[in-house]
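Below, each structure is written out as structure tokens.
Each of the next two complexes has chain A plus one more chain, namely chain B in the first and chain C in the second.
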Partner chain A sequence: MSTIDLLREAIRAKLPDLDMVLAWGGDDPLRASPLFIRTESDLENLAAPHLYVSNLAVNLYSLRSKKIGLVVKGCDSRSVIQLLKEGLIARPSLYIFGLPCEGVVDAAKINREIPDAGRATGLAVRSGRVMVQTPENEHILDLDAVLADRCLRCRYPNPLIYDQLIGEAIPVGEIPDLYQDLDEFEALSLDARHDFWMETMRRCVRCYACRNACPLCVCKAHCVADSREPHWLTLETNVSQKWFFQVLHSMHLAGRCTECGECERACPMGLPILLMRRKLNREIRELFGYEAGLDLMTTPPLSTFSIEEENIAEREL
Partner chain B sequence: MSLVFLARENLPAWIGRLYQDMAVFAPMTINGVAAFRALGQDEIPDLSRIPASSPKAAVFPQTETLFTFTSRKHADDLSQVDIDLSYHLAEVPRVILGARPCDARGLKLMDPVFGGKVKDPYYLARRERTIIVSQACAMPDRACFCPGTGGGPYDPAGSDLLLLPVADGWLAQGLTEAGEKLLAQDLFTPAGDREPEAQSLKDKAEAYLAQAPDMRGAEQAFENLFKDEAFWDQATAGCVRCRICAYLCPACTCFNITDEESGLKGERIRTWDHCMSYMFTQEASGHNPRMQKAFRMRNRIGHKFCYYPQLHGGTVSCTGCGRCVRACPSGIDIRRIVESMKRKGA
Partner chain C sequence: MSVVDGKEPSVKELRIIGFLCNWCSYGGADTAGVSRFSQPTDLRIIRVPCSGRVTPLFVVKALMSGADGVLVSGCHPRDCHYSEGNLYARRRLEVLKRFLPTLGIEPERFEYIWVSASEGERWQTSVTAFTERIHALGPSPAVKVNRYDARLVAGGL
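And now, the complex of A and B:
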């Protein structure tokens, strides 16, 4: 049986015990949408696995009073672990279908590669190639050129938490994330980095899609960015307010962010904002030897403290 | 009105001349995303893609100062304070270049909101000084549905000048006096026999959009479904309550007004608001009549496809530009919501 058939049958079997199952569906050939499966007929709308781009864990906090089935890729499973670890959701109300993932395609990259991608009628992935059909053309792209960035450095294609694994786990070697993108950026001068972020913020429309698509951003309506009392941010859409918000968002995710990339994927302006989260994650890794969402036992470093931190020489400051 | 031809290589020179007399708002592409902005000198827009944002900010900026205020304490009695107010209205003429026909119609939909019974001087000062140069859509995409809202990929409504794409440039069609004036340049040459080429692209674009669902006439269906919570719950299930759909929409007009002050000085500003956010209807008492996102989506759909058309002769407050569909991180498609509303609420 194909992965999608295995998944469909697994969901069908568990559906009677659950309020709903969150998976991916829809008719967009370049990306699947969240699919809320409540009845068996909804199962007909399941999309193909290479389109499972979004992280469905974003819905868990607001659905925490329900009995939810959730399909997770390896990267998504880390968000679930982090939410559980922070006590934001409860394990008993969750049934997890773990889906070993070979990578998902990034519609934004396809749009950059192909001028008429917006007219695509179909997409197929075969032996390292992606075929995109439009009314006028058939385009063939290298899969690596259009895989989501996070897939290119993926270390966890297999879910780290699940009740049921769909298909076989994917063998995975040791692939360290060397943060090459960050190294290249940090090699620029301070002025160049400043200019880069100011220009990026100029294009930001302050739509909060980055915040709201983030599975770990659970404050929602109580976000400091929306608060009028206290009045931390103004409602102006100038560069300084937008920069303030982006820095706040990144700081609040330090040691919590699993780098699922949903902030960047959701951005309607295509801004490279994951880079900021990665910067803080590397700091956390170097200071505390910690990565978010890998296990249920450890405590996130910013949720605790040691009298003397091993890698922070407080007394020498 | 006769057509004239603008060669693609003459576009920068034309923009350069426009730039001398007015602010030019046009789409710039960065990292594969085209968005409207006020061009700097010698910046050349990208007219090849459907812009991710609408050009409405040229007449309805995301943030605008209504007035500034300064408090002055009396030196002899510090409890006495005078307040100085100052404001100014936009004076700089502007041109929106590379709007799509759906964008031009979007501005037409905003006009009765800001220029109807109540006249909004800030909006009108900009609007009256704005010339709209639209580019017809030879390559609509699968998110487009303008014919379903009463428009079309070559619809001239609301534009001062319409550029019809041909292989090596555009045929320009002046639609108003202001638009015609922009053509009085040696950069434009007679169109000769190019019209059939433009016509053939128009026919193809219209054929591509022939299946667009009709978004009009849903007023009664909406009212019938108003209390159907399950319907609105399902329609909104994936929504993450961001503001993309309203901010990219060429027809959304809701705004907020706040005082942003520091010390004795401040500004009263108007900023875009968004109906999917919790704060939209949060009352000072703490009560929120639209607690759930489903109710907020109901309001969003109702506003566009029931309340607005009831006030404006059946015209929906949506131009089928497809921007909300393209950019929604959860893949929510407003066409599917209205279609199922018409089906279930019939």
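And now, the complex of A and C:
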């Protein structure tokens, strides 16, 4: 049986015990949207695994009073672990279908490769190749060329937490994250980096899609960005306000961010904002040897301390 | 830098914000004052209950709003009035210090230190050294952000 059939049967079997199951579905052959499965007939809309782009863990906090089934990829499972660890959701009200993931396709990249991708009627992935069917042609692309950026550096294709694994786990070796993008950025001069953020933030439309797509941004209506008291941000649409918001978001995720990349994917302006989060993650890894969302037992490093810090030197002036 | 010693200030004063904990560093600064140690006057002190009260965002907000430097000072580790506030602060502020260069802000503009209420002299040397460092760096690039915003408003971008 194919993965999608296995998944459909697994959900069908568990559906009577659950209020709903979160998965991906829809008619668009290049993108799937979140699918809230409440009845068996909803299962017909289930999309194919390579379209499971969004991180459904973003819905868990607001649905925490319900009994939820959730389909997770490796990266999504880290968000779930982080939410559980912080006590934001409870394990008993959650049933997790773990899906080993070969990577998801980025519709924007397909659009760049194929001029008539907008009229695509079907997409299939077989042995490292993507077949895109349009009314006139069948295009064949390399899977690596159209994978989402985060999939190219994916280290956890298999879910780290699940009640049921769909299909076989994908064998993976040790894949280090070399932070090449960050190294390249940091090789720029300080002024160039400053100018980069000025130019990036100038394009920001301050829609807060990055915040709303973030599975760990659970303050929702109580976000300090919207608060008048304390008044962290004004309503001015200038660079300093927008830049400060990004720093605020990043700092609130320091030691929590699992780099699922949803902020950057949700950005309508395509701003490279994951870079800030990755920088903090790298520093946290170096300082505290900690990575978010890998296990349930450890405490996020900024929620704890040690009396003698191994990697923090005594500061003198 | 201007120094309280009766002479005319020789250099234009810069704006340095100091977040000082109520129990140690504010007392330390007070001790320095009572002992009549001469100190640079560039520092504006904001008294906070504990260095653990200082979120890194205080520092970022100050720097982005035009402060030329930010100094956070609390009790020495193990000496916190609330036992552990400064230990949380140390982790957060260290992460912030490493984050600043990626934003294009000189990490030297921000410093965190530990000064106890009895260490008037240590306070004096620290604040003098920090003020000298900020003067060596010159006015903050946040000025550049504001100029950028001004050009934005004027339709130049």
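Note that in this section the second predicted complex is superposed on the first by the 308 of 317 C-alpha atoms of A that agree within 3 Å, B and C clash if a C-alpha of one lies under 4 Å from a C-alpha of the other, contacts with A are read in each partner's own complex, and residues count from 1 in each chain.
The rule we apply is simple: a contact is a pair of C-beta atoms (placed from the backbone, for glycine too) under 8 Å apart; a residue touches a chain by one contact, two chains touch by 3 or more.
Source: prediction; values computed, not measured.
Taken together through their common chain A, the two structures put chain B and chain C side by side without a clash.
Applying the stated contact rule after C-alpha superposition, one finds that A:302 touches chain C and leaves chain B untouched. In the overlay built on the shared chain, the residue A:58 is in contact with chain B alone; chain C does not reach it.
Of the two partner chains placed by the overlay, neither chain B nor chain C lies in contact with A:160.
Of the two partner chains placed around the shared chain by superposition, chain C is the only one that A:287 touches, whereas chain B remains out of contact. In the superposed model, A:238 lies in contact with both chain B and chain C.
Once the two complexes are laid over each other on the shared chain, residue contacts for A:197 go to chain C alone; chain B is not touched.
Using the contact criterion defined above for the overlaid structures, shared-chain residue A:220 touches chain B, although it does not reach chain C.
Shared-chain residue A:272: touches chain B; no touch with chain C. In the superposition on chain A, contact of A:33 is made with chain B only, not with chain C. For the three-chain overlay built from the shared chain A, the minimum Cα spacing from chain B to chain C equals 7 Å.
Once the two complexes are overlaid on chain A, the chain A residues touched by chain B in the first and by chain C in the second are 238.
Residues of chain A that touch chain B in their complex: 26, 28, 31-34, 36, 54, 58-59, 108, 111-112, 115-116, 118-121, 135, 203, 205-209, 211-213, 220-221, 226, 228, 234-238, 262, 265-266, 268-272.
Put simply, chain C touches chain A in their complex at residues 55-57, 60-61, 64-65, 77-78, 84, 87-88, 90-92, 94-96, 98-99, 101-106, 111-114, 125-126, 129-130, 133, 141-142, 144-146, 148-149, 152-153, 157.
Here chain A touches chain C in the complex through residues 182, 185-186, 190-198, 202, 232, 238-240, 243-244, 247-248, 250-251, 254-255, 275-276, 279-280, 283-284, 287-288, 301-302, 305-307, 309, 312, 315-317, going by the rule given at the top. Remark: chain B residues 30-33, 35, 48-50, 52-53, 62-63, 139, 141-143, 208, 234, 237-238, 240-244, 247-248, 256, 258, 260, 269, 271-272, 274, 277-279, 282, 326-327, 329-332 touch chain A in the complex.
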